[in-house]
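For reference, the structures are reproduced in the following blocks.
Below are two complexes that have chain A in common, paired first with chain B and then with chain C.
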Partner chain A sequence: MANRTVSDAKNIHGTNPQYLLEKIIRSRIYESLYWKEDCFGLTAESLIDKADQLPCIGGQYGNQKPTEFLCLTLKLLQLQPEKEIIIDFIRNEDSKYLRALGAFYFRLIGDSLEIYKYLEPLLYDFRKLRRRLPDGAYDIIHMDEFIDSLLRDERVCDTILPRILKRQVLEDNEELEPRVSFLEDELEQEALAAAKKEKKDRSRSRSSSRVSCYRNIKTINIYFYKCIINN
Partner chain B sequence: MSTAYKGSEVGGDTNFRRTWDREEYEKKALERERESERAKVKEKPTELLKARKEKLELDKYLGKSQVVQTAGAASKQPGFYCKICDCNIKDSVNYLDHINGKRHQSKLNRTMKVERSSIEDVRAKLAKLKKKKEEPEKELTFDERIEKAKKDEEKRKESRKARKKEKKRRKREQEEQDSESLDPELAAIMGFKKFKSSN
Partner chain C sequence: MSHYHPPSQRQVRYWPGKVPENYKESDSSSEEEEAELLLKHKKKETIQKANVEDLKKEIDAQAKKNDRRLRRLMENDKNDSSSSENEDRASRRRRHVIPGEESEEEKKEESEDDDEEIMLRHQRMRERALARRKEEEEEEEEEEENEESEEDSSEYTTDTDSDSDSEYGNRVMLKPVFVPKAQRETIIEQERLAKEAEEAAARHKQLLEEKKKESHQLVAEEVMKEIKEEKGTSVDINMVDDTDKPDDKEEYELWKLRELKRIKRDKEEREAKILEEEEIERRRNMTDAEIQREKEKDQSKKAKKTKYTYLQKYYHKGAFYQDDDDDLKNRDYSMPTLEDKFDKTMLPEIMQVKKFGRAGQTKWTHLSNEDTSKRDSLWNQNKDLINKNKSKMGGMHGGFEKPSKRRRRS
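Up next is the complex of A and B:
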């Protein structure tokens, strides 16, 4: 089982789970030293330490080298641990890189409803993550930004994310509760106070407040502090 | 009568030829067959694949030579030597491929299947991780501090050596370049002669 998927793996989105990473990236991972030396023989359990020690998240860098983050993602695709295990990765508070890895993997294999259910709570995690950029340099991204891009973007860490339903669709089908959070409550109440009588198009104001909310980390952090102080 | 006279009894004047001891060879052939059969039914590996616990430190001996004293031709060649398979591998990547390979693993009585972690395994591990994060960086004992200082010193020396080597190499290159770019006329005036290579 150096490079093979476990024999009892189920197809994900109609294909071998490993194929969720592009072929060319997969073969670069198989060739990488980190894969050969550190990922060999890993289990879902022993992978935890490796994930905790990740230096950064990211896709490919430099001479199209895959990050260790991608290598471990492929390892998970190969092992296909029970969803319960991944949810524990996501819920863990102690290792932010394990959480980021769990979330990224879950975004690849989960269905729309579960993805919203388990990833949205991480939008309140403002911890910093190091990210490797294609040119090999690093920058800082916050967990909530990363999660937000997993929920909105088509491509993250050089990986095409499987399509998921828009949140609105799930809300309309009453499969998902409209997102109300204490942060949004505050923002919304302010907005409502400002334009109390104009009650038209509530949903749009909500979604736009969400955008501004996650896109502007500084404000949200200030809000966060304010909330803590107020409580 | 000894066997030496056997030939002359049957073969007349061809008694100088070697006579084949059929019995002996039959016995050998039979043994060989049994051996290969035994190899065929050799039990399949019973243990699951295991991850390596320790770092391989493939660069540990980088730039150093080591005297190896073991029997067998394979272990005397340069490169990585696998004790388990008694074979020599020329570089680190091939060595990794080898020790990750099926042949090597089955010599360790391991299949290529990996253990499936249960949710309990994972939870126990996560609890351990939590504990590790909560407990403050443990203070080193005196001996450990000494050990660490030694290692640091070694590393410093190592990198100093590498730097020096690199500097020397660059200097040499520079010199070579300089001598090549020397104007031949000027060289002639100064009394140097360019040596023609003798072939």
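Up next is the complex of A and C:
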């Protein structure tokens, strides 16, 4: 088996899933000691332990050596476990590195709607993750930052992420609800509570106006896209 | 060589019925030899006489070859029957021992003896020749096997031949004695040696294996130690602490800040999008003239280029990192830096060049200095000269006419 993708793997984004990592990084992973020693003969189940023991996330470091995180990502791409398993990885609360790995892998293989659906809840997770920098040093990144970069950036952990639709597009297509952070609700309630004491009328009008503004934006957007389609 | 060479000692005459001098009871091989000789002698007589009876007897004798006593008896009979003369002579000899007196008969006898001797010698020679031939054959085989050079082998053979010849004449050859295989010392010795060698080899192998195991273990220990050290150091020095406390208010506050920033960013994005759409809608409703007017207004708004100082170097701001909203992107790259800040108009004219005093020094200050298309440049002063030159250039005199037009005229 070695470095080949499992025979019954489905093509992802039109190619062999392993090709989602660049050729040069892939070959560096194949040559790395961690791949040869620890990733040999792993299964989706035994991989969990390995992911749990991950010291850090990150791309390449030092003399362009791939991190263990990248090695395990490639292993996942090679094994192509079922989506439910990955979702379980993401949902697990105990191991943050397993969650990070699952999220990264899911970002590589998932479609945009699913990615927003499963990764956005992780923005509430503010646990620390150790990240390996290209010069070999470590720093701390938080899970929500990592997930945010997964959703927005083109390149994370020295890997070009597949393009996904922007959130706004999905919202305009009414495939996705606009994201409302519970912090937003909290703040709004706080603001309301604070405003109630002093200027009852003004605060009310302001909040209502904001809501109406959103509604207006939505209608305008819908109108705009309808125009484009008609043209 | 297992071939028998008769001893070259003093030849002993064999007398029938008399015990020979060198006779030994246990020596069976010599007896056989004697018997053979006798047989041969007898054969000769039978051939001379061509006696059928004798032939028969001989056959009997051959059959009963192994029985010495019978043979001797037969021999006696034969002698009796064949020649009474011989008997007489023998008895006579025993009786009168007069060396000087030698009858004709005796002379005859001697000559006969000589014949016998010759016969024996011939036979010996034949045997020797046979043996030599065999040796040679064997040697040839060896030669083929060993693939030795011909010269060496031939030398060797000649040497051995001469040796054997000379030896044969002088030396006393020991009679080969048969020793049963079980009693042969050489074989036992060989076996013992082989056994010892085998044991030694086995011991050596075992030692080697033990050594290998030992070294393997040593290496393994070393490697384990290294790994342990490595792990210890890497954890201690480089790793950043990433443990999370269950109720970390600080972290929560930090997260809140990040989350708010995200919310703000999203909102801004949304608003920007709305603004953009509104703008697009507005532009669509405008006429071309209105759009043109707006464009001009925008251009006038643009920041003017800063004036470069005299002989100031030009730096391109580069094409990379233009997407990041950095301080880097918003810098004014036309500002003078380092030596460009120095006012070069104050320098003597000869120093008013780029890279003055260096290998890459040029004699040019500005492109505008070298511009010959200017009206006041030296090139444009003498109009007559220019026109003269122009008239010499191809296609510069008169208008252009089609060649076909000219043809029609003529």
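Brief remarks follow.
Note that in this section the second predicted complex is superposed on the first by the 186 of 231 C-alpha atoms of A that agree within 3 Å, B and C clash if a C-alpha of one lies under 4 Å from a C-alpha of the other, contacts with A are read in each partner's own complex, and residues count from 1 in each chain.
Everything below uses one rule, namely that a residue touches a chain if its C-beta (ideal position, glycine included) is under 8 Å from a C-beta of that chain, and two chains touch if they have at least 3 such contacts.
Bear in mind the structure is a predicted one, so any value in this text is a computation, not a measurement.
Residue contacts after overlaying the shared chain place A:45 against chain B, while chain C stays out of touching range.
Of the two partner chains placed around the shared chain by superposition, chain B is the only one that A:88 touches, whereas chain C remains out of contact. In the superposition on chain A, A:15 makes contact with neither chain B nor chain C.
Of the two partner chains placed by the overlay, only chain C lies in contact with A:148; chain B stays clear of it. Of the two partner chains placed by the overlay, neither chain B nor chain C lies in contact with A:63.
When the two structures are aligned on the shared chain, A:127 is found in touch with chain C, with no touch to chain B. When the two complexes are laid over each other on chain A, chain A has no residue in contact with both chain B and chain C.
Looking at the complex, you find that chain B touches chain A at residues 49-52, 56, 58, 93, 96-97, 100-101, 112-117, 119, 121-123, 125-126, 129-130, 133. Across the interface of their complex, chain B is touched by residues 1-2, 4, 6-7, 33, 36-37, 40-46, 48-49, 52, 79, 81-82, 84-85, 88, 92-95 of chain A.
Within the complex, the chain C residues that touch chain A are 238-240, 242-244, 251-252, 254-256, 258-260, 262-263, 266, 269-270, 273-274, 277-278, 280-281. By the touch criterion stated above, chain A contacts chain C in their complex at residues 55, 96, 123, 126-130, 136-140, 142, 144-145, 148, 168, 179, 181, 183-184, 187, 217, 220-221, 224.
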